[in-house]
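I've put the structures underneath this note.
Presented sequentially are two complexes of subunit A, the first with subunit B as partner and the second with subunit C.
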Partner chain A sequence: MSENKKWHSLDLGLNKKKEASGACGCGKSQGSCNSQEEELSADEFYEAAINASIGDERQRDGFEQVFDVKMDRRTAFKKLTASLLIGAGAVSTSCSVVAGDDTKEKAQIDWEEQFKGNYKLMNDEEKQGTINRLMRSYELRTGKNISMTAENAEEDVLFGYAFNISKCQGYMDCVSACVEENNQDRNSQMQYIRIHEMKDGEGFKFDKADDNYYHEVPAEGHFYLGTQCFHCDNPPCVEVCPVQATWKEEDGLVVIDYDWCIGCRYCMAACPYDGRRFNWSKPEVPANEINKNQHYLGNRMRKKGVMEKCTFCVQRSRKGKNPACVDACPTGARIFGNLLDPNSTIRWVLENKKVFRLKEDLGTEPKFWYFMD
Partner chain B sequence: MSQFKVLKSLVIDSLDTITKGSIKYHIWMGGLTLVMLIGMYCYFIQLDEGLSVTGMSDSVSWGLYISNFTFLVGVAAAAVMLVMPTYILKDIDFKQAVLIGEGLAVAALIMCLAFVVADMGGPSVLWHMIPGIGVFNFPNSMLTWDVIVLNVYLFINISIPFYILFRHYQGKEAMKKVYVPGAILSVFWAVAIHLVTAFLYQGLQARPFWNNALLGPRFLASAFAAGPALIILVLAVIRSFTAFRIEDRTIKKIALIVTVAAQINLIMLVSELFKEFYAPTHHSESAYYLFFGLHGKNALLPWIWTAIPLNVLATIMLTFGKLRNNLKVLYFCCFILFVAIWIEKGFGLIVPGFIPGPYGKIVEYLPTGIEIGVTLGIWALGAFVFTILAKTAIGIELGELRYKDKNSSAS
Partner chain C sequence: MKNKNLTYYFLILLAVSFFSCKKEGEYHSITDKIEAESKPYHGKLTSDELLAGSELMEITEGKHTFLILERKGQIKSFACIECHSKPVTQMKSLDGQKAHWDIKMNHANSEIINCATCHNGKDMNNLNSLTGKNIDFNLSYKLCAQCHSSQFEDWKGGAHGKKVAGWAPPRASMTCVNCHNPHSPGYETRWPVQFNTQKGIERKEGLDH
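Presenting the complex of A and B:
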């Protein structure tokens, strides 16, 4: 393999020797399992712990700790906003006699949500803060509870997907499972997955395919092929976003911060795979159909005027489950797993089947492969 | 301190000028205000219900707004075609026209920004784009480049005429060494704004119709035809309604610029058509859809087959000196050229980029009434801004507006 690559290519670490990386259960977030930390003596450990917890503040005291704090513009702005908030909150609390506590709390949450930062740049504490606010806000508005999480990507995980064209019969169970799982707008019938019905013997003629059929399947003389967001390793949609509201996570998922998106739809124009959807009006899901197990980057409720897309069901996949479409498929055409785990099914498919991807010439390196039996 | 006093007096004087005028002027401004109000009402509906009130969809996700934005960037860039001969080539012919041209650029840029904001799904979180407070994805996203170049160009085009007028207002000559560097910068900047806007589309490997190397140069050629064409029309109006003197010589020189740009534009069109239709590939589908329709879907045919004949006719007529030098014919040519390029760059460029979709699906696009209302409102806003700027500038240039120093008049 040549070392000077002219374009981006997906690195699955297949050429690297890794020592049982996928099967590692030590749970360490830094350093490999065999790192030298185990050999630390008690004293060294104590020193390291102090360093990690208070760091350079150990040498400073009093005034310096409080006022001489290194702060970038973002933090400074945030602190200013926070102090403004406290001030505004105090004023409104003391002045208002009519508004109830709930109204005040709602207003407070709305204000903080409006001026929060980009999720991509938040630390875990801030992430927790925003999901707590969102859950509380939902409770205040509807009287019902939802559970929202903010799990980060795990080490040594890179999600990939394979689609067996021979097996798919076009039942579209994946489509409806996806809509239910991900709380998509019912009015506009938004769907992330499209199943293209193609004629046998004509090859992949997407322009002649039908992705909106209502007849009985499998139809005689046809085969089926599903598309959705391919979670490209070199995603053009991410490059073009002017505010970094969409990005590729460590585990390969291409995600959107719905609250940071400004709705310019540049990513939509940049996606060669029709992988993105826009909320043209306020998305609505009947109260009893809402999936209450949510992830901030996944199936939480969206608002009008923002982008959304398939996240390989981040709320499920980061808990070790399959995406809803994989579990719903009655034919077993859909395979999902960790590309970095040599024992995973997806790796078996990549190594033993003749796989291909769509529009490979564009250099987007999708992590979504097709194959046949 | 005295500068502030002058500024205050300038603002008061210009307010005075722009609120006084003939009955025709008042009807014009009143009409524009009405259209703006209707546009605001339409925009209010759009804010309330979402962009679903427009004709756009997941398939054609940019429409009339972005089309107009693209076209107006070109109009703004065209001011440079007047700046360059005047300040750099020292061709004094254009001096009167330059202030008008720069005023037009300011109005066009304001319209550009308004169109972009109108197209946003979340205008309330636009602050995410402000560097420092938000996250500015520079240099990866071409949109951030566009934001920078447009705003800087707006600044240049406000500050140069402002400086010149501010000096003239006090009865002083504008100092060349102050504004000429700015003028030279604006020449490069004008090319930049248009090239960067073209790159916005050109850089998308997902859309083969845009992803071709000719797009940027063709943007420039069509901009330098349509922009000065509009300037000629505006100068014609100003000439007949005000005492501001614009010589025939000036107009004829601008006409020459329009002609050359239109000719180059036509050559590029031929080159583009040859590439798409001589050896058609999958990537020619959009062009087929635009010019002939695909699978019975042909919403764009009336538009493009209006634009092409108008474009060819105008270019041919302008090519003949005899026709071009007849002002009545010239105005007609400029008008049809302007319309033709507006169609070509809007419906002829933005919309077919999305059709057929990534998997060959053909979903057509037609703007809705609300979309058209907002668009007209923004055009009215542009005309309104331009009228105010031009009326003040003309007042100062004619010497009607002059700073009266109270101290000196008392003594």
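Presenting the complex of A and C:
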């Protein structure tokens, strides 16, 4: 019967069963052949459906799934040619006699950058290597110099932040200082910091708060509260990253390797504070507005399709400076410092003011406290 | 024999649990971590370089010792007695140039405060405490602290006010008058420095995420 079929039907393992069991044609070992056909149990059906849909991919790991696939000759040739072309292109540019030295160097840099490892696993020499390449590449592309560093976390330093709700007046000087400092995309007007304008007497209602107001501030009957990345000590965003492109450094900063990020946005979904931003398009900053003091993990130029967020201005804080938002705040609502130093002002705030954090019950342990006068 | 074995097992269990607890999630909370690893910072990062351009002076208030910005050098018309050579009442009647014409008092009300609350007409080069003692212009925060005692407490600890530069030691704080105009100390209302038009559009179109 199945030989003459003119349609294709899924092989749910029914045929096999028939052959294997019993001598009788209907596949039953018990009862009469005329009795009703036995139905598959739920478990068996599930098993069979999976087998039919993904088959042996279930047993193969990532490598085999990519390389050990059945394909016809035509597809195989197509794929081979494409990869050969890419390889040949790279090789010919770097070895070509015609291409200029600059083009060759650029190709060489691009090649090495393409195949570099995760920043998290690099030793100091490799870190220096990649920032040198990035600086040279920027010079070759634009003819201008930038200074990029790769300072590691200092010993005995754990960065923390405190925000005085009674002092914030909603001027948003912090927001614009942050954008300028961190080379954020001007087209999409990306901002790490959000200042929420909330009604007095209603408590924290983030869904009702306005974080994009434009009127004279402070508005009567309102108070202001800023949020940004809280650099959690137990960061859920790090937990969910499938490629470990984001991690917590020794000094408590949660950072991203923009070159390792695959742009899946899991971290964005995992963050309970809306601290992360995604580059939907290629970030663009006018040449004269680019901040040229950069850090690999901080404000260096990003590309399309990667995550970014506040780094407590790693390019500044690891040099002993305050983040740009702290320096820009005209009211002194923002306090930054070393949580491990008992003489630091941030420690005085934590020990002497009534501090709290947002969504403390989640156990994310943000290093960003709020307090009031 | 059995007892001995049991003791060994127990010891191994203890050792294993000890090591495994220390590995991941060493501390129960960030406050535990801060408490346990707390240690005065004497690392290589300092604010010295950032503070190099500022005139600073060290003060000690209660338990706190830190730097503040020197003030006298910043006041354009200091020393005051260069002009104030005779009592103010006599100078007022003079015709001609009027100094300090732009000063408008907007600080509490005239029942509580007037010029003489802080300035000493007989010694213009110094400020004047409520009990009539001299206060140096460089230490003007002492004058403010007479009324604003809670702000003073917060300022000493570092919860009120700003640092001159950098988080790393040494601590250099701005004083009251670096942010507040003593004659009109309140902050004015003003417009935010920017508006995010993109966010505005996205909200209107319901594209906000």
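By our rule, the second predicted complex is superposed on the first by the 278 of 373 C-alpha atoms of A that agree within 3 Å, B and C clash if a C-alpha of one lies under 4 Å from a C-alpha of the other, contacts with A are read in each partner's own complex, and residues count from 1 in each chain.
To be clear about the criterion, a contact is a pair of C-beta atoms (placed from the backbone, for glycine too) under 8 Å apart; a residue touches a chain by one contact, two chains touch by 3 or more.
All of these numbers come straight from a predicted model, not from anything done at the bench.
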Quiz item: Of the two partner chains, subunit B (first) and subunit C (second), which one does A:189 touch, if any: first, second, both, or neither?
Solution: second
Exercise. Give one of first, second, both or neither to describe whether A:271 is in contact with subunit B, with subunit C, with both, or with none.
Key: first
Exercise. Answer with first, second, both or neither: which of subunit B and subunit C does A:242 touch in the superposed model?
Key: first
Exercise. With the two complexes superposed on chain A, say which partner A:288 touches: subunit B (first), subunit C (second), both, or neither.
Key: neither
Quiz item: Touching A:319, do we find subunit B (first), subunit C (second), both, or neither?
Solution: second
Quiz item: Should A:123 be classified as contacting the first partner (subunit B), the second (subunit C), both, or neither?
Solution: neither
Quiz item: Is A:209 in contact with subunit B, with subunit C, with both, or with neither (first, second, both, neither)?
Solution: first
Quiz item: Just which bits of subunit A does subunit B share with subunit C as contact spots?
Solution: 188, 211
Exercise. Provide the residue numbers of subunit A that touch subunit C in the complex, in ascending order.
Key: 154-158, 162, 164, 167, 169-173, 175-176, 187-189, 191, 211-218, 233-234, 317-322, 327, 329-332, 335-350, 352-353, 365, 367, 371, 373
Quiz prompt | Sites on subunit C touched by subunit A in the complex | solution = 25, 29-30, 33-34, 37-41, 43-47, 49-50, 150-151, 154, 157-163, 165-169, 171, 174, 179, 187, 189-200, 203
Practice problem: Enumerate the contact residues on subunit B facing subunit A in the complex. | Solution: 49-52, 56-58, 61-62, 116, 119-122, 124-126, 128-129, 132-137, 140-144, 147, 200-201, 203-207, 285, 353-354, 356-361
Quiz item: Once bound in the complex, which stretches of subunit A touch subunit B?
Solution: 73, 77, 114, 118, 120-121, 188, 194, 196, 206-209, 211, 227, 236, 239-245, 259-266, 268-274, 277-282, 304-307, 362-364
